[in-house]
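In this document, chain identifiers A, B, C and D correspond to the written order of the chains, with residue numbering beginning at 1 in each.
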Amino acid sequence: MYNVDFKIISNRKIAKNTFEMTLSGDTRGIAPGQFVNLKLDGFYLRRPISVCDYTPDTLTLIYKVVGHGTEAMSKMAPGETLDALTGLGNGYDTSRSGDRPLLIGGGAGVPPMYVLAKKLLAEGKKSTAILGFNSADEAFYEAEFKALGCETYVTTADGSYGIRGFVTDAMDLDYTYFYTCGPEPMLRAVYNKSVTSGQFSFEERMGCGFGACMGCTCKTKYGHKRICKDGPVLTREEIVW
Amino acid sequence: MTNTQVTLSGLTLSNPVIPASGTFGYGYEFAEIYDINCLGSFSFKGTTREPRFGNEPPRIAETASGMLNAVGLQNPGIDKVISEELPKLRKVFRKPVVANISGFSIDEYAECCERIDKEEGVGLIEVNISCPNVHCGGMSFGTSPESAAEVTRAVKAVTSKPVYMKLSPNVTDIAAIAKACEDAGADGVSLINTLMGMRIDLRHRAPVLRNVTGGLSGPAVFPVALRMVWQVYEAVRIPIIGMGGVACAEDVIEMMLAGATAVEVGAANLVDPFASKKIVEELPRVMERLHIENLTDIIGGAHHG
Amino acid sequence: MTNTQVTLSGLTLSNPVIPASGTFGYGYEFAEIYDINCLGSFSFKGTTREPRFGNEPPRIAETASGMLNAVGLQNPGIDKVISEELPKLRKVFRKPVVANISGFSIDEYAECCERIDKEEGVGLIEVNISCPNVHCGGMSFGTSPESAAEVTRAVKAVTSKPVYMKLSPNVTDIAAIAKACEDAGADGVSLINTLMGMRIDLRHRAPVLRNVTGGLSGPAVFPVALRMVWQVYEAVRIPIIGMGGVACAEDVIEMMLAGATAVEVGAANLVDPFASKKIVEELPRVMERLHIENLTDIIGGAHHG
Amino acid sequence: MYNVDFKIISNRKIAKNTFEMTLSGDTRGIAPGQFVNLKLDGFYLRRPISVCDYTPDTLTLIYKVVGHGTEAMSKMAPGETLDALTGLGNGYDTSRSGDRPLLIGGGAGVPPMYVLAKKLLAEGKKSTAILGFNSADEAFYEAEFKALGCETYVTTADGSYGIRGFVTDAMDLDYTYFYTCGPEPMLRAVYNKSVTSGQFSFEERMGCGFGACMGCTCKTKYGHKRICKDGPVLTREEIVW
C-alpha cells in the first residue's frame, strides 16, 4: 500500500453517468484487479475505484456516478489533486489463465477487465471479452478492447446495442479460463453458466480498504476473507454464495 | 524539551496515543507501512471466547464527518488470539499492548480475562461492555451501573493486570456507570465506545446496514466524547482513556484537558492509515505552541473550581 | 405529480418541512429574505413563563459538521410572546405555527400551555422536556419515563390542541420515554433535541462555552437522530416529528422512511438562511427521482417485517 | 441581508498573521461597521469578518489567522469563490460624529475604521485615527489612513514602532466624538479614558450572524441585544460592562 497524491490530467464523460479520469502520479505497486481508495473533500470515507489502466506514471480510472461522492468526483477539474491509497487488494492471478482466457465485465466491472486484457496480452495470451451494459447509452470501451485485438462481444439488457440480453447470453464460447467483475447477480449467473474455473472480483462497502477494520469480510470455503485485502478477487473454488 | 510520557495504572507509555480496538486489527497492516513502535500502545481487535464471523454485510455506512460500523466483534476467538495473533504481534510491536476483551456472559468475560492475564505482552486489559453491534450481550452490560459493576468484579477477581472498563455513550448517566466500575475495583475506564446510529438507503427504502443500526465514530462524535470524559473525570479518581473522533494532536490535548490520561485514536486510522503516527509526531510541536512541557501536567487541566 | 402533504394529529401541512425551535426566532429575520409561507409550519423560539436572558456568552462553539449552542432558553416570556410576538408573527406567516413551550416545573409547563392554548394561530404545541442547557428543569424532565409522563398529563389536562413532547437523545432508552408520553396522552413526539457535548479552548485551557456544556446539532447528529426516530416508531403509534441534522430534501425522505410524519430543520437555517426554503423546493424533484407520489406513503417505509 | 458569491481577486499577507483579501461581487447593502459572514469549505459555521472597504462591485476584508478556518482562508487563491452573507449588523451612525471624530482601532479592529474614515470624509468630516498593535510586525494600514488625509497615530504595546503603549496613551487629543473597534479590554480602556460619547463595535461568538439563533446576545441598558443584528455597534450610553 502506498499513499500517493495524484494530479488530475483529464476527467471526461464517456457514457451515461460514467466518467474516465486520467491522473499523473507514482503507480508503483499497482496490479490488474486491484483498486485505489480516494479521499474526496467533504466526504469522510474514501471511495474505492478499480484500476482500469496504468503506466509507470499515469493512472486511468473509470467510475460511475452513483452518489454524492462520485458526483463531486465527476466535477473535479484537471490540475486538482487526489489523495489515493494504491496497491490495494490481491488482484487477478494470470498464471492460471491458459492460452484462451475469457474476460466478462458488467457495467462498472468492465474497467478492470481492460488492464487485465493488456497484462494477458503482454504474456502472449489473446483474450476474448464480453462487455455487458443495461443499454447503448451506458456502453463504453468496446473500441478499446478491440484495439487490443480482443474478440469483443457487447450485450445490452434492453437490446439497444449488440447482443440483446446479459453477458451470459454471449458465453457459449471456447475458453480455457475466465475472469469476471460486475454486480453480484451477474457474478452468480456467470458462475452457473461457466464451464471452466475462473476468478471473480467482488464489491462490498468498505471502511478502510486495506484490511484493518473487518468492515467488508465475507465467508469463503477457506474461511473468512476481507474483500479489500484478501479479495476483491476470489477463485471459483472458494466462493460461498 | 517536551515530555509526552503518561502513566496508566503503573504502565508508562512514551506517549498517550493508542490506536483503538477494531481500527488497528492486530497491527500487521500498519506495521507494513510504518514502525508502529512509535505508538504509546495499541488496543487489539476485541476478542471473545469463541471465534466469531460477526454480522452479515453491509457492515459500513458513511455519515457527515463520521462512519457507522456494525462489524459485530468478528474475531478468531481467545485460543487463536493467544496461540497465533499475539506471537505474530510481538514481532512487529515490542511494547505492552492493550487487550480488548468482549463477552456475552459474565463467565465469558472472566474466562477471557483469566486467559489473557497470563500473556506478558499484555500491559492492560480493556473490557468492552459497550459494543452496540451485538445482541444479548455487549452493550447491555454497559447500560446499567449494576451490570457494569458485576462484570468489573468478575474480571478483577481473575486478573492481576490493570482492568479498564470500556463504557457506552448510549446512556443517560455515564458518570454513574463509571463510578460503579470504580467502586467495583476497576483500575480505569475508557470511553466512549460508538454512539448507536443508522442510515437508510433511499433507493431500496431499507437500512444500509444489515444489522439495521451501527456504531457512529469519527470527528462527528468528538464533542460528545469530550463532554463524557469531562463528566466522568468529575465523578471518579481512576485514570480515563479518552476516545471518540480524535483526529489530530490538538484533539489529544483537548481530551486530556477534559480529563483523559491517554487517548485512543479510532476511525482516523481507517481514513488515513498514517493518522496515529502523524499524531505522535505532531504532539511535541503542538505542546510547544501551547507552552506545555509535561503532558501529564494538563490532565483535567480545564477543570478549575 | 407529487403530493407533499402530511397530517399531524388532524393538522394538515402543505409539506413536512418545519424550521426547528431556536433556529428560526419568530420568523421575522427569514420573512425579510423569503416568503416563509412556503414552509409546512415553523416552531417558534422556546417560551417560558418568565422572561429569560439565558446563559452568559460565549454560547456558541463549532464542531465537525455541527455546532454547540448553550443559549439557555432566552425568550421574552409567555406574556410578551402572546401580546407582541404572535401578532407580529401573524403578519408574516399565515399558517398555524408550532408553539414550543419550556418550563422549570410541572406548573410552569401547564400554565404556559394553558395560555398558548387560546391562541388560534397556534396549530400544535411542542413541549420541550429536553433542553440540555438549563439547570434544574429542562432536560431533567425528559430523562425518565415517569417525569416525562407527568409533564404530558399536566399539559394535556389544560389544552385542546395537539401536544407533541420534544424528547432528549441523552438517554439510555428513548423509546421507553416516548411510550410513557403516549400512554400519558401525548398526541405525538418530536425528536431529537440536541446531544449534550462540549469543546475546550486549548489556549485558555477552559471550556469554550460559559455554560461548560452545550447542545450538539447539525449533520453530525443525523445518524443518531435517525436511529432514535426508527426506535420510537417501533415503540409508539402516535406521529413523530423527526429532527437532528437535516440539511437537504434527501434527509427529509430518510427521516420519513425511518418513521417521521414531519421533519424539523434546525442548524441548517443558521448556516444557510435559505436552507428550509431550498428543502421545500427540492422535495418534489427528489420524490420524482425516487418514484414517490404521495409523501405520506413512505412514512416508516423502511420498516418491513 | 444578501447572499452573494464573491470571487477572490487577491489574498495577500500585509502583516504578521494578517491578510488582506479583495473580492469582486455585488456589495449592495453593505455599510461601514457591518460585517460579512463567510462559508468556508470544511467548516460548519460561517466566519464573520468586518468590512474594511468596498466599491459597488468590490469588497476588501482584512482578517487575522486565529484558527483552522482563517488559516484555510489565508490559503485561498485568486479566482476561487466565497459564499458570503452581506449587509449584516447595524453599522456605525455617522450623524453623531461632529466635525472632528476620533477613530480608535486595535489590531483586527483597525479595518472597520478605514471604511468609516472614508465615509466621514465623504460627509466632509476629517477624522483623526489611532491604530493600536502589539508590535511593529503586526502593524498595517498606517499609510492608507494617512492617504485619506487622517491625522494618524500608531501605538505598539512593545514600543517597537510609533508610540509605546496602548491606544489610550495616544488619546489626549481634541475630538467631538469617537468610534472604536478592538479587543474588549481595549474597548473598556477607551470607555474609561474617553471624554465624549462614542460608538463601540463588539465581537462575540456567533451562530447565524443575522439574528436568528440568539447565540450572541448581550445585556445593555436598553435590554438584551444580539451583537450580530442589533450590534455589533453599541453607543456609550447603552453599554453594560
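Everything that follows uses one rule, which is that contacts are C-beta pairs under 8 Å (C-beta built on N, C-alpha and C of every residue); 3 or more make two chains touch, one makes a residue touch a chain.
Computed from a prediction, not measured in an experiment: that's the story for all the values here.
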Chain centre separation in whole Å, for subunit D relative to subunit A (CA means): 56
Subunit B and subunit D: spacing of chain centres that average the CA atoms, whole Å: 46
Centroid spacing, where centroids are CA-atom means, of subunit A and subunit C in whole angstrom: 46
Subunit B-subunit C separation of Cα centroids, rounded to whole Å: 34
Subunit B: positions in contact with at least two other chains: 61, 63-66, 218-219
Chain-level touch network, classified as line, ring, star, complete or other: ring
Chains grouped in pairs wherever the two touch, ordered by label: A-B, A-D, B-C, C-D
Complex contacts: residues of subunit A adjacent to subunit B: 1, 3, 39, 43-46, 69, 85, 204-208, 210-219, 224, 229
Subunit C-touching residues of subunit B, taken from the complex the two chains share: 61, 63-66, 68, 143, 170-172, 195-200, 202-203, 205-207, 212-213, 216, 218-224, 226-227, 230, 245, 250, 253-254, 257-258, 290, 298, 301-302, 304
Touching residues (chain side subunit A, partner subunit D) in the complex: 41-42
Residue ranges of subunit C touching subunit D (in the complex, touch as defined): 22-25, 29-30, 32-33, 45, 53-54, 57-67, 69, 71, 74, 208, 218-219, 267, 269-274
